[in-house]
Structure formats: C-alpha cells, structure tokens
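Heads up: the structure comes next, in structure tokens.
Which chain is which? They are A, B, C and D, in the order written, and residues in each are numbered from 1.
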Amino acid sequence: MTRIALVGAAGLSGLELIRLIQRHPQAELEVITSGKYAGKRLADCFPQFVGMPQTFTNHDVDLKDCDVVFLAVPNKASLDMVPRLLQEGRKVIDLSGVYRLHDTAAFKKFYKLEHTSPDVLKTAVFGLPEYFKPQIQEANLIGNPGCYPTGSLLGLLPFGDLLGLLDRPPIIDAKSGVTGAGGRVEDDTTNYVTVNENFKAYKVFVHQHQPEIQQYLSDLSPYSKMQIGEVIFTPHLLPLDRGILSTIYLHFSEALDTQAVRSRFEAADQASPFVHLLPEGTLPDVKEVQHSNRCHISVNGDESGQNWIVITAIDNLTKGAAGQALQNMNLMFGHDETAGLI
Amino acid sequence: MTRIALVGAAGLSGLELIRLIQRHPQAELEVITSGKYAGKRLADCFPQFVGMPQTFTNHDVDLKDCDVVFLAVPNKASLDMVPRLLQEGRKVIDLSGVYRLHDTAAFKKFYKLEHTSPDVLKTAVFGLPEYFKPQIQEANLIGNPGCYPTGSLLGLLPFGDLLGLLDRPPIIDAKSGVTGAGGRVEDDTTNYVTVNENFKAYKVFVHQHQPEIQQYLSDLSPYSKMQIGEVIFTPHLLPLDRGILSTIYLHFSEALDTQAVRSRFEAADQASPFVHLLPEGTLPDVKEVQHSNRCHISVNGDESGQNWIVITAIDNLTKGAAGQALQNMNLMFGHDETAGLI
Amino acid sequence: MTRIALVGAAGLSGLELIRLIQRHPQAELEVITSGKYAGKRLADCFPQFVGMPQTFTNHDVDLKDCDVVFLAVPNKASLDMVPRLLQEGRKVIDLSGVYRLHDTAAFKKFYKLEHTSPDVLKTAVFGLPEYFKPQIQEANLIGNPGCYPTGSLLGLLPFGDLLGLLDRPPIIDAKSGVTGAGGRVEDDTTNYVTVNENFKAYKVFVHQHQPEIQQYLSDLSPYSKMQIGEVIFTPHLLPLDRGILSTIYLHFSEALDTQAVRSRFEAADQASPFVHLLPEGTLPDVKEVQHSNRCHISVNGDESGQNWIVITAIDNLTKGAAGQALQNMNLMFGHDETAGLI
Amino acid sequence: MTRIALVGAAGLSGLELIRLIQRHPQAELEVITSGKYAGKRLADCFPQFVGMPQTFTNHDVDLKDCDVVFLAVPNKASLDMVPRLLQEGRKVIDLSGVYRLHDTAAFKKFYKLEHTSPDVLKTAVFGLPEYFKPQIQEANLIGNPGCYPTGSLLGLLPFGDLLGLLDRPPIIDAKSGVTGAGGRVEDDTTNYVTVNENFKAYKVFVHQHQPEIQQYLSDLSPYSKMQIGEVIFTPHLLPLDRGILSTIYLHFSEALDTQAVRSRFEAADQASPFVHLLPEGTLPDVKEVQHSNRCHISVNGDESGQNWIVITAIDNLTKGAAGQALQNMNLMFGHDETAGLI
C-alpha cells in the first residue's frame, strides 16, 4: 500500500484527490491537512465523504510515515514546503505552479513571486505522463501540470515532427469551468450571480499558463518561438463546474495529409490509456469527460489542408489536476497507470 | 419630476432600482451612494449602465434636493439612517427588514438586533400596495416588504374571509433564486461551485420572514395563529439568478367551491395591475415573471375540496424588492402605479 | 460473475446502469439493447464509455445466457416483456412503474394503462432494500421504486411506530433535477431554454408517484389514510441535472422527543450502508449525493415538538433508479450490497 | 404609428420582438402569426405577455393594413414569402439567412437551398445600421444580419483602413447561448441534459455565417481574402440562454499604435448609440449586454503591437436579431434610432 499525505486537502483539487484515492486499491489516505478545518472530521465538513474516517490536521503534522505527499496549496506555501519535504525523504507531487517553468525570470514575471529554490526546481519532472513517463518513474518531485497546459499540449504534441511545418504560432482559445479558474475563492469573481448566465475572457495575453505551454511545446517538438513567434493563449470562464475545452488554431506552410495527421494522433491514443482520438467528424464536449481522467481529441483540417483546428476536452479537476497527480503517483510507485482512475 | 436618492446603490436591489428608474418618465436619479464605489462613475463600475451620467458618492452626502430616499442598506444602517432622514423631511422607502414588524421583541429574536426607534416604527406603512394603497399614498416611511412575504401574502390574502375556515396553519414551501438569498455576499454560501447544480433548504423554522408573513396574514384576514397555530415557512435556494416560487398548502374545515375561490382571486387580479390569476390548470413558472413586477398565481383544489395548493411566482428583485419599492413611490407621488414598471 | 442484460440501455437510467456496472467486480454487461442505436457501438454513441466493447442490439435479442435482465423501457413495453422473460427463467429488475402498485385500478387511473398481467404483479417485490431485503433476496421480479417514492419513504419510514401519532397526512414538497422528470424526452418540456433559469411545479394532486408513496407508507407503518387522509405530494422541476430534495411536513398529535426521533433515524442509518442521518442542525443538499447511492436525511422539530420537517436528498438516477436497481441485484445474487456502488 | 405584422411570432426571435415592440412609443403590433398557435391568445400561450390583447393568426392572413412585416420564419418560408410581400407593397425586414449573401452559389453551398429570387436579392440591404444607415433608410427589403456576423463585424470593421495591414486572415472564436444556436428546436441537440454543464464547438469550418462575415468584411474594408485567405470562424454552444462572446485574433504586418487603434474604435462608439468601447484593460462579458441592443467591445494589443485580440459581446436575440431588426425599422420609418430599445 502506498501511504498518502494530502496537504491542502480541503481545496477543490484536494477534495477531488480524496474522491479518487477512495477507489484506489493500493493506496491509503493517511494524513489530510487543512488550516481551516484542522481538528474536524472530513465526513462532517464534506458529507459526500460520509463513512470515511479521516480527520483534518494542521499543515505542520509529521509526515514521516507517508510515502508520498500531494501538495495542493498556494504557490508561496509550495515554495516553502517542498525543499523541506524532499530533505526528509518524502516523494512530492506538487499541484502548484512553482515547479513547472525552467526559467525563474519567467516564473517571477507571471507569478509575481521570487523563486527561492532554483536548485530543487532543476530536479523537478513535469508530470505529463504521456511525454515524461520514464522520468516520472524515477522522480522525487513532480511539478504537476496546469489544467490549461494539459489540455493544450495533449492537442498539440501528437503532431510531432509536423509542428516543424507551422508557419505561425498556435492560437489557443481555451474555456474552463469555474473549478479550474479560481474555484472556491471567496470573492466576487466566482460569486454565483457573477458567473451564472455569463461568459468572459480573462488575463488576455498575460495568463501564467502561456509560458508553460510554450516551454514544453518548444522542448518536445520542432516548434520554435524564435522563428514563428509566441503561442497565443486566451482563457475564458464558463458557467459550469468542471471541464476545459481548448480550440487550437494551426496554420502549416504546406498542406498536411489527413491520414498523416490522424495516424500521429492514433499513435498518441494507443500510447496512453487516457488519450482518445475521436472519429472523423465527431467533436468532443466537456460533459463526456467530466469526472474522468481522459482527454478527448478531435482534429479537423480545412479544404486547403493548411488550416487545422484541434479541439480537446478534459476535466480540469481530474486530468487537469488531481487525476493526473494520481496517475503520476501510480507511475512513481509501480502501480497500474490507471489504478483508481477508471 | 420626482428626484430620487438611492442609498446603497451598488447592491443587487440598488442596481435593480437603477434599471427600473432609467425607464421611469417622471423620475430622476439624483444621487447614488456606495461605500465601496464612492467617487467612481456608475457606467464604469457596471457597464450595463453605459450612457448613464451618475457617479457614486458616500452615504453621508446631502440629500435635501431629493424628494424621496430609497434605502437599500443592511438592517443596522437603516436603523441609524431612517430617523434622521425623516427629520430632515425626506420621504423614505426602506428595503431593509427594520420597519416591517410591529413587535420589537420578535424583531430582536429574528434579526438579532435591538430596535432603537420604536416610535418611528409606529409610523411606518407596510409597502404592499395591493393591501395598503391608501396608507402608502399618505406615508412618509415605507417598510418595503420582504421578497418571501410578498410571494406568500399575495397567494394567501385573496382567499379573504375563507381564511377563517382554515383548520391548520398554512405551510409555505418557498424556493428563491440566489439574488434573493444573500446574493452578492462574498462568502462561501453563494459561491458558484457551492450553488450551481445544487439545491437546499436553509433556516428551517427560524427564517426572519416567517413573523412578517404571519403578522400581515393575521392583520388582514380572519386567520388566527392562536387557534390553529403558526404559519410554517421553509425557504430553499435555487440554482438560478432571479425568481421565487412559493408552494402554499392549505386545509379548510369544509369543502370550498372552486368558483367561490376563483372569484376571490379574480377580484385580486382585477384590483392590481400586477397580480394575475392564471387559467385553471395552468401553473406558473419563475421565468415568465423575471424582470417584471408581476405576481402570477395558480389556485388548485383537490377532489375533496378541502385541500388547496396555491402557487405564486414573482421576481424577487422586482416585485420582491426594487419594483415594489418603485410602485410604492408611484403611489406616494401621484404617478401612475405602473410608471417605469411595464 | 453475474451476467447482465440491459434492455433500454440508451436512456438515462440505462446509461447510469452502464456507468455503475463498469465498476462492479462481480458483474459483466453481456447485452445492451436499444431501438435507436441497434448495431452501433456503445463507445461511438456515448464517448464517455470509450474503451468499452459492447454494441447495442435490438430488444428482441436472445437473453438466455444472461442471469438477470434490467428493464429500462417505457411502461407499456415492460408490461409486455416481463411475463415472457420470467417464463424463460430470467430474473428481472424492472425500472418502469408497472410492478409497484398492488392496486390495478389505481395503476390504471394514474398510468392511463390497463394492467395485463395482474398474476405476475402479485409475485413482484418492491425493490427498496432498506425495507424489503429478505424478499428481494428471494425474488424473481423486482419492481424497482420510483425516484420520488425512494426519497419520500426513506424520510418517513424511520419514524416507525411514531407515525401512528400523525394527526394529519404528510405533505411532501419534492424537487427533482431534469433527469428524473422526463429527461431526454425530445419535446419542449425539457428543452434547455424552457428549463434553464426556471422552476415550476407540475402534476399537482395527480402525479403517479403519490399512490406509490401512500401504499408503502400504509403497508409498512401505522399511518392510515382512512383516518387522517391521503399523502399530499407535489413534484417540482429543478434547473439541474441530477438530484431530488424532498421537504416533508409532519404534524403529530403530541410532542415528540428529539432523542426518540433521532434514535429511530440512527437505527435506519445503521441498518443500511446508504442511509445517512446528518448531525443536528445540518441540512442536506443534492450536490453531496450526486453520483452516489446514498440518501442523506435531516430531521428537524420545532419548539412545540409537534411539527417536524424531514429533508432527504438522493441522486434520482442512482439511489432513485439505477443504483438502487444494482443494489437489488447485489442482494438477489449474494454479492456485497455495496458492490459497484461505492 | 407604424403598424407591424410579425410573421413567425412564436419563435424565440418573434417573442423577443414582441417584448421590444411592447415598449415602442410609435409602433403598434397589428398582426402576429404562428402555425402552431393560430387562434390562440398570445397571453394565454406566453404568460409573460399577460395583458396584451393580440391573438395569433395563420401565416396567410391579409397584411395590407400593416406598414412593415417582420419575417421570423425558416429560410425556405422566407424565400417563398418575401417576393409576394414586396409586390403587395409591404416593407419587409427578414430575419432569415436568405437575403444576406450576394453570391447565390455560396448560399446554395451553405444553406442547402436553391435561391429562387435572385432579382429580389439584389434589392436587399444588409441591416447593419452602423455601416448601412443611408441604404436602410431607403430600403424596402432588409436582410437582417445573423447573430454571429453582427458580433464579428462590429469587432472588425472599426479598424477601417488598418485592416489593409492584416497579413493573415482573422480567426473568430465565437461562443453563443442556446437561443442563438437552435433554441427551441425540439430535438436532442438543445435538450437540457445535453446542454447543461456542457460546452462544445459545432460546424467547424462549415457554418453558414462564415461567408456572411467574409463578404461584408471584404465589401467594407481593405481586407482581401484573395491575398491573405479566408476568415476562420468557429461557433461554440454555451450553457446559458442569451449572449454571444466573440474572441477575434488578428495579426498585422507591422506594429499598430494603441492610440491609433483606439481612436478608430472610439469613432465607431461615437457614431452609434449601441456600440460601446470599453476602457483599456476592461473586458466585456455577456451578462452586461443581456436584454439590451448594445455591443460592448474591448481591443487588446500585445507587446509587439502586431497581435491584437478584439472581444465583443452582444445579446444574440437583441442586437443579434430582434433588436437590430427594430433598429432597422426605426431608420426605415424615421423614428429615433433607439426607440423601443433603451
């Protein structure tokens, strides 16, 4: 059994992890922490977990009996806690944005925060199992991907070598449910009457997931921002709980053959239990992936063969956060990659 | 022109008043106040009002050029401001709960607040135009009815003398949209992910609108809580913006004749431009009254003739708050009762 | 392994059964039928089931290799199919309304349909495991309870002997999500623009679940409609996908002791893995039971001790239909009662 | 008084027209037609119009006493009715897609319908008042713009001459509420459980509004599809009733000066009572334009000055259909352009 500590368990990602771990046959939830609920029983605070015996503790509890620590806390807290946890010999899966970007200057620009542990950062592995499986299996620290980068990269990277033929930067128009965009934050932004029957873009040109998408697109494919420019990424807020739909616009310098494109996506589908290419002409929707760890993908070319629109759908709390974190744990501890996730 | 001051203009009721006053042919919005937005232009803070010239001021602005003050502030603030405004010669329409209950002990029990101006309270008129029109026309202070009492009383009072035949207290199962139940409050209660795809009861047996319903039912009809017990009132929170549906259960000591019942409701319909009795067999829904000042009513008897279910639908922000307040202003200043409200 | 045939698999209850059976460790989904989708692969029609190998067949497929048949078809179709399936030796769990009411005259009145197999009806067991477990274990035919009766009866029956003290009939004000109230029906009633931002009552005094509630309340408790009258039941349509909240109003001829009431509900909680009594002062909401087979219950007495409001929350597709059907299968075939349901 | 006939009055656009005409000081609703509701009173079928006296007639009623006919019927019906109505001397405002595209081959390709009155088509004026006011004032036949083209063109055309500097085609990622995308159609597509908590793209590369956007962009600006390619347009379906947000991606061959861009949009704002440029840094949302005829616009450049994102918000039923139609009527009959629309 893998013994789990979940730090920041009462946030939306934390609660989703509890939901998933509950069904995991080889994992036990040893410790759950929450500043707000410390001392209270999980089942009393969140009646959906009635029957579960755990009680929230403070964050500073001793975790030495745990094999792995999931951190679902704000960026600043992750920055403080991760080095200490690693020193104590814990494996860490960090859901914050702190251990994803190589470039600490970009980190500072987008997160408004000085990176205080660049050495630790160098040891972090980006927890996108579809592209970093061997590294994840050996890692002590996982920077669990952001929800938008997950949906974007799973729609872009299957093109593989063809991305060298891009003659303009990808444009990603992404739309997220409320749990992926601030969630339970207690301010006016996610108040019901603000969000309901409403829709808007936010952080145009300045969202912190833009450099994350760009970095891994550069690292893993022949796309080069030097030559064709920076990825354009626009997030929007949907009036629904869970799900991200990413509409990705690509233009290639020459016509691509549909079968050549689909065969690459079919390979991506075959290689992962969670990536699914939809049949030609079928478009994904977010409802079909809610509460699942899957990413559904549709690839569409126009008559010219040069314009392509890729659409991906994920559940931002599952494949976009907690589910992917558990998938990473499965790989780190030798469990079936899908354990607890089907 | 009636010159209006709107104190607490940036709350949900305040904004609804602005929406309505905009269309009123004989009223001008002179002053709008807001602690949070003082000094800012209305149209910049709330783009739905683009083109309107007003700027928010602080609450302590001089209101002597205004004919009437609408107060849409918390109970404690109303308690403080109303006596002073009356002394200065303003007419006041107060949307808080402070000037509705005769009984200051009941007020203290349900509002957790000492009533500091019982003398002023005695001069207040309950602003339900369907039953207090002559008093409203002469009033200097209106206690504008609560949203739930409006929906409940308009479904009960048309029975008139027949309410003397009740042999059990009315049971009112009411369901309100979010703007009627906390609205823009910045806490977890009305957060999108808490309310969306959800439904619950709240304040069972202890909601502050119960004594308001009961008091005016006693005052205006032969119903007597001494003999058959207290009205039972249960509010629920609907996952939608606007609207209250009240399902009212009544049992009479003898069979009522359908035509006798309907004729009383038809009279209520005839007497008010905003009360509408639906045809037999037609049930109201909240969508058909949204953004309107109407109350739609359906009365339904069972085969025995002793059980009756009355269902009323109103928009909690319009007939349940701002619209009714404007209807009261129309009566106080001799305008057509429907001015600004059709 | 229990081999399952699911007849009418493409409706909302059918799809929910597939979701649940997928996780059941001792059950296999052998056959799925659908008139509309016959010949098509499940995963192509409903991408949330990607990876599942089943293909829809017509309803008239041979089911002799199956141990149990779940019927999720219209009432008329159930009436035709059940006798034949039983004759062929299948065990049948019927989700329609056909095998629940003892009284064929009441059936005809509320379902507008002649009951053509009254003999078979007599052998049917009402599939509410909390009250009929021994009979279910021996049954060949289960009349799976309606969603509203499930939520209502689980809130009423725990009172047990105390129901003999009722001096008025229970009033049940129930609110259901769209999947429980017509669901995917292709008409105007459940169109998005009709339901969204809306709320209404329907079938006042005439809903077919009223006699079902009343019959089992009479059968299983000292409540007697002869002495105090018929249960009053009003269904409403909520603008959300899943969930039923039932607010139940009771008046007793004498004051009940809170502890006496709670101890009876605690016993009901202890006796079932799915019934949960919430702590005093905590009210259930539908979100906390969505996608689960649980029923959450709150019991609330007023100061007099004579008025009680019970509130129950279930997921209409799970405990209100498919989940309860699977719970019944577990009991019929000797599996753990919770298999596939946690 | 302008006497109005509304043909196809019971559809979503028709009902929105009724709502608006109700408030118009110089217009009277003489005739309303509906195949489904012929012979029934408007107020009985749609209780939100209680108090209005009109009764639905069949489509073939005599319209000779009407000054103008609004057609809100399917494309095929418009094709048949318009020539006859013009011959009879009526002025016609047609809300279908039939009289918008110059190119009957493109019409046939996108609408799957032969254009049977190309001569009449040549006389039609595109009813976008911000760009065709003089022609509208003289027109006998208005092709009222599609909802998506309205939101797109109002975000593109203010660039004016700068559009000659585009070096790639505009990419328009548009998101519409349900009333703009099929609305009350009685099939599975707009069923509540299909749409609620869901989001998807549809008609990728093939939506009939793409040629409409492209044609008027070409006609009214230096953009040339010959040189830089076709506009890319992707519609999506939002889980809400009303509103379209269009996110428009533009790349120019040289850096544009922010003030140069804003001054052109400010001019567009000044020239129309309904076009509003938001302050720098403010993004529109659909809630702020619901039930209004306004179009709110935000223009955003990146650091390079070559990438621009324009975001527009309209209400698809008002500025995107019925409101714009009424604005056109106002111009045709010499009323204030905003009559009935504020």
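In this text, a residue touches a chain if its C-beta (ideal position, glycine included) is under 8 Å from a C-beta of that chain, and two chains touch if they have at least 3 such contacts.
Note that this is a predicted model, so its numbers are computed, not measured.
*Asks:* Return the chain pair with more inter-chain C-beta contacts, choosing between A-D and C-D.
*Replies:* Looking at A-D and C-D side by side, A-D shows more C-beta contacts.
*Asks:* Which chain has its C-alpha centroid farthest away from the centroid of subunit A?
*Replies:* Looking at centroid distances, B is the chain farthest away.
*Asks:* How many Å are there between the centre of subunit C and the centre of subunit D, using C-alpha atoms for each centre?
*Replies:* 46
*Asks:* Roughly how many whole angstrom separate the Cα centroids of subunit B and subunit D?
*Replies:* 37
*Asks:* Taking each chain's centre as the mean of its CA atoms, how far is subunit A from subunit D in angstrom?
*Replies:* Spacing between the chain centres: roughly 38 Å.
*Asks:* Could you pull out the residues of subunit D that touch at least 2 other chains?
*Replies:* 196-197, 239-241, 284, 287
*Asks:* Which positions of subunit D touch subunit A when the two form their complex?
*Replies:* 168, 171, 173, 175, 196-202, 204-205, 232, 234, 236, 238-243, 245, 247, 249, 251, 283-287, 290, 300, 302-303, 307, 309, 311, 313
*Asks:* Show me the residue ranges of subunit C that touch subunit A in the complex, using the header's touch definition.
*Replies:* 22-23, 44, 46-48, 50-51, 197, 276, 278-279, 282, 284, 287-289, 291-292, 294, 296, 342
*Asks:* Which residues of subunit B touch subunit A in the complex?
*Replies:* 12, 178-179, 183-188, 190-197, 239-241
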